[in-house]
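In the part that follows, the structures are each spelled out as structure tokens.
One chain, chain A, links the two complexes that follow: it is found with chain B in the first and with chain C in the second.
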Partner chain A sequence: MSKKIYLDNASTTPVEKEVLKEMIPYFSEKFGNPSSIHGLGQEAKVAIDKSRKKIANFLGCDSEEVIFTGSATEANNIFIRGVLGSFENPHVITSAIEHDAVLKTVKKSGVDYTVLKVDEDGFVNPEDLKKKIKKETVLVSVMYANNEIGTIEPIKRIGEMIEKENEGRDRKILFHTDAAQAAGYLSCNVDELGVDGLTLSGHKIYGPKGVGVLYKGSSVNMRPIIYGGGQEEGLRSGTYNTPLIVGMAKAVELIKEKNKKEKTEELRDYLIREVLKIKDASLNGPKKSRLPNNTNFSFQGAEGESLVMILDQEGISTSTGSACSSKTLEPSHVLKAIGLKDLQAHSSLRVSLGRKTTKKDLDKFLAVLKEAVERLRKISGR
Partner chain B sequence: MNRKNKKVVVGVSGGVDSSVALTLLKEKGFSPIALFINFQEENNRCCGSEARRRAGETCQELNIPFYEINAEERFKERVIEYFLDSYKEGKTPNPCVVCNKQIKFKVLFDKLKDFNASYIATGHYARIDEGKIFVAEDEKKDQSYFLWDLSKEVLRKMIFPLGKLTKTEVRKRAREFDLPTAETAESQEVCFVESDLESFLRGRISLVPGDIKDKTGKKLGTHVGLPVYTIGQRRGIGLSGGPYYVLRKDTDRNVLVVTKDRKDLEERRVSFERANFFEKPDLPLPVEAKIRYNAPKGKGVLKEDLFLFDEPRRAITPGQSIVFYKGEKLLGGAVIK
Partner chain C sequence: MKKPYSEKAMEHFLNPKNMGEIDDADGIGEVGNPKCGDLMTIYIKVKDGTIEDMRFKTLGCAAAIATSDMICEMAKGKKIEEALKITFQDLVDELGSLPAPKVHCADLAQRGLKAAVKSYESKK
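After this line comes the complex of A and B, so read on.
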């Protein structure tokens, strides 16, 4: 088989060579427990402190506000459940297109919640959000950019609106955003965004899997959901995973140098233009305010799952929706939220670009895609 | 022939048979694409997560692309509901026949088209030659009984790599290749009935207790609900002074008719419906027929909607398949009325 073409970078990315190199000494050589007093332990502690500082620089916050977690999902859980658990009778607002790591966490929290509708491109309207705020509201969680359809939410405007609302409110509303998909391409300065909580993921930005970051503003009070040795201000007990933390920080540090935003946007727009030349192909999600590396299409009369398999046969990796939910038959909640019918949702294909993607890759993809769509339509009799 | 049209879509189950089928296809120069069909995520003896793991591992070792197809909804609609409906009507269903036609081979055939492949294959024990099915070399394992309702369209694309092997040879080969599936147990019984039939049916269909009577109408006891009994059944009737055999299920009166005389169960005449023949038979035709998967073939004459055995057969069961053979060739089959 010829070279593999990887167009599923929204699912995960490979660990960048420089990142791996940084991590390796911390497995067997500099293996000390950062909580130990001796030299080996201190060596690891220094590495973690440095990593924390790098992340703090990226987020424009203090080192003390950076909490290392086992994943973005865990970071979302720690923040949302931690905040909701420290209030009597709280109310929380989130959006209909959140990742399950937020949506399910909110729904299972046992507190009063509102799931905000989005428009046909997946945008949350800050004015609509404002109307849903109640006296009891303590938390709003809206993702920075959507993992399936790439919609970039107006986080800054929502942040400003909440700040205004908070003036003269007894119960201040906290604002959290899941930036797992956004971090690779968008500014994550927490002050500019006006957030009290923000989530990052390692493996979406060419770092290792199994590590995430939670930014928690210093004024936020919350309860731990994991108890133990009291690491990370008591909010994330568990021995520090030094190599992954070091890798996470290196990955964040490399974003600016490695992620070519404009080049990626150009490739994305080229791809969208070319795909839409296929008859009865449509773009899911917005044309503007879209993640530079995300595209998502529906092809009437061609099942997404079959397309993924056919493309895979030609060495091209894509996905139908988010990799996490690809096992279920239920169409994606995100596509449903933007008004797609089940049939359209089943015929969707997400193609997400990465650092290594070239125009040649996309041309090869387009050639295989056209043939596959045509064949599937012929079979389904369209 | 170029590499592209040697593509074969293979149904894999995580068992030893389909795994060995993959190795044989590869050896013959085919390019297999393995599909694991998920019929039921939970409460299934065969296609649970353990089987999926084994299937995936096997394919990885053999360097064969592996995909999982979810058919849960269709399986529930087409197979489980048919199964329950049959019992409600007092019949004994053949879910594997229905699953093969409606789910297993249908999915494989659909994917053949999607992938633009040339063939489909499974680990069934049967032989196929120019679109005709023949009994497997290992007659004890022969599964042609379950294949009578497939379409000719499907058969034209079908390969059964295990047709000429015995089960012992298949196991031996799996061990030689050190396949993760080499020691998997035989799949038996209905895959979605986890424990016993009675507890499966209970709660899913109504089981109304009624009288157990003998042929003369004399009441002998009480049954727990007609669906749980099968014609010819001896064990579990719950009568003393036996052994008794289930002779008939009178669904109109909710009476289970039993007998002590095995001879009562014997009959030569089998009427059937919903027949499928791979080639139109010239009636009347002397052929052999099988009325149960594990029953021996018997000679007789095939007529319109009727088969007449030369020698009487025991326990002819409505709902089961009657399958016809001419020598080793499978002619077709039907559902016993």
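After this line comes the complex of A and C, so read on.
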């Protein structure tokens, strides 16, 4: 088979060479437990402290405000459940296009919640959000950028709105954003964004899987959801996973140098232009304020999972929001939230670019895609 | 490790031989999969109680397409009563294997045939 073309970078990314190199010594050689007082332990502790500093630099916060977790999902859970658990009768607001790590966490929290509608491009309107605020509201969680359709939410504007609201309130509203998809391309300075909580993921930014970061502003009070040895200010007990933490920090450090925002945007726009030349193809998500590496299309008469499989046969990896591909056989809640009919969601294809993506890759993809769509339309007769 | 889709299933998905319509079909069955929203149309041509020709149009996953093609292959040349006895398990067995959550797609093919037969009989 010819060279594999990986166009599913929103799903996960490979560990960058430099990242792996930094991680390796911490598996067998510098394996000490950072909580131990002997030399080996202290060596690991130093590595963790340094990593924490690197992440703090990226976020523009203090080292003490950086919490290492086992994943972005865990970071979201720790923050949302941790905050909600420390209030009597709390209310929380989130958006309809959140990742399940936020949406389900909110819905299962057992407290009063509001799921905010988004417009047909997936945008949250800060004014709409403002109207949903109640006396009991303690938390708002809106993702920085959407994983399926690439919508970049107006986090800064929401942050400003909340700050204003808080001026006259007894119960201050905390603002959290899941930046797992955004971190590779957008500024994550927490002061600029006006957030009290922010989530990062390692494996979306060419770091390892199994590690995430939670930024928790120093003034935020919350209750742990994991109990044990009291690591990470008691909020994330569990022995430090030194190699993954070191890898996470290195990945964050490399973002600036490695992720070419403009180049990626150019490729994205080229891809969108070319795909929309296919008859009855449509773009899902916005044209502007879209993640540089995200595209998502629907092709009338061609089912998404079948498309993914034909592309895969040709060595091209993509993904779909089709009901056929989900465990529950429900179409993507994101595509539904932006008003797609079930059949449109059914024929969706997400193509997400990465550091290594070239125009040549996209041209090969386009050729295979056109043929695949045609073939499936013949089979479906639609 | 067993692959989710057998090679045979993949072949029927990638190169279905029985897709398309029958212009002067004796029965047309249209069914949808209530679970995932897929659509399937089955066309049959009947002579002396035997299914002479059978074709399909399917908008669905690889399993739905492969089972559509397979049921056409298995039912063609059979008496209607015999063809109706084809179970989704027969289809799955014949194809080799399908991913577990996809078994309902095979069920769709069977319902498609039933619907086509019903439309044929109502026209008689």
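Quick notes on this one:
In this section, the second predicted complex is superposed on the first by the 374 of 382 C-alpha atoms of A that agree within 3 Å, B and C clash if a C-alpha of one lies under 4 Å from a C-alpha of the other, contacts with A are read in each partner's own complex, and residues count from 1 in each chain.
Keep in mind that, in the parts below, a contact is a pair of C-beta atoms (placed from the backbone, for glycine too) under 8 Å apart; a residue touches a chain by one contact, two chains touch by 3 or more.
Everything quoted here is computed from the prediction, not taken from an experiment.
Of the two partner chains, chain B is the only one touched by A:312; chain C is not. By the touch criterion defined above, A:379 lies against chain B and chain C together after alignment on the C-alpha atoms of chain A. In the superposed model, A:276 lies in contact with neither chain B nor chain C. The larger set of touched chain A residues comes from C, when the choice is between chain B and chain C.
Annotation: chain A residues 305-306, 309-310, 313, 327, 329, 376, 379 touch chain B in one complex and chain C in the other. Within the complex formed with chain A, the residues of chain B that make contact are 33, 65, 67-70, 72-73, 110-111, 113-116. By the touch criterion given at the top, residues 305-306, 309-310, 312-313, 327-329, 375-376, 379 of chain A touch chain B in their complex. Of all the residues in chain A, the ones that touch chain C in their complex are 301-303, 305-306, 309-310, 313, 322-325, 327, 329, 331, 342-343, 346, 376, 378-382. The part of chain C that touches chain A in the complex is made up of residues 10, 13-14, 16, 19-21, 35-39, 41, 57-62, 64-65, 101, 104.
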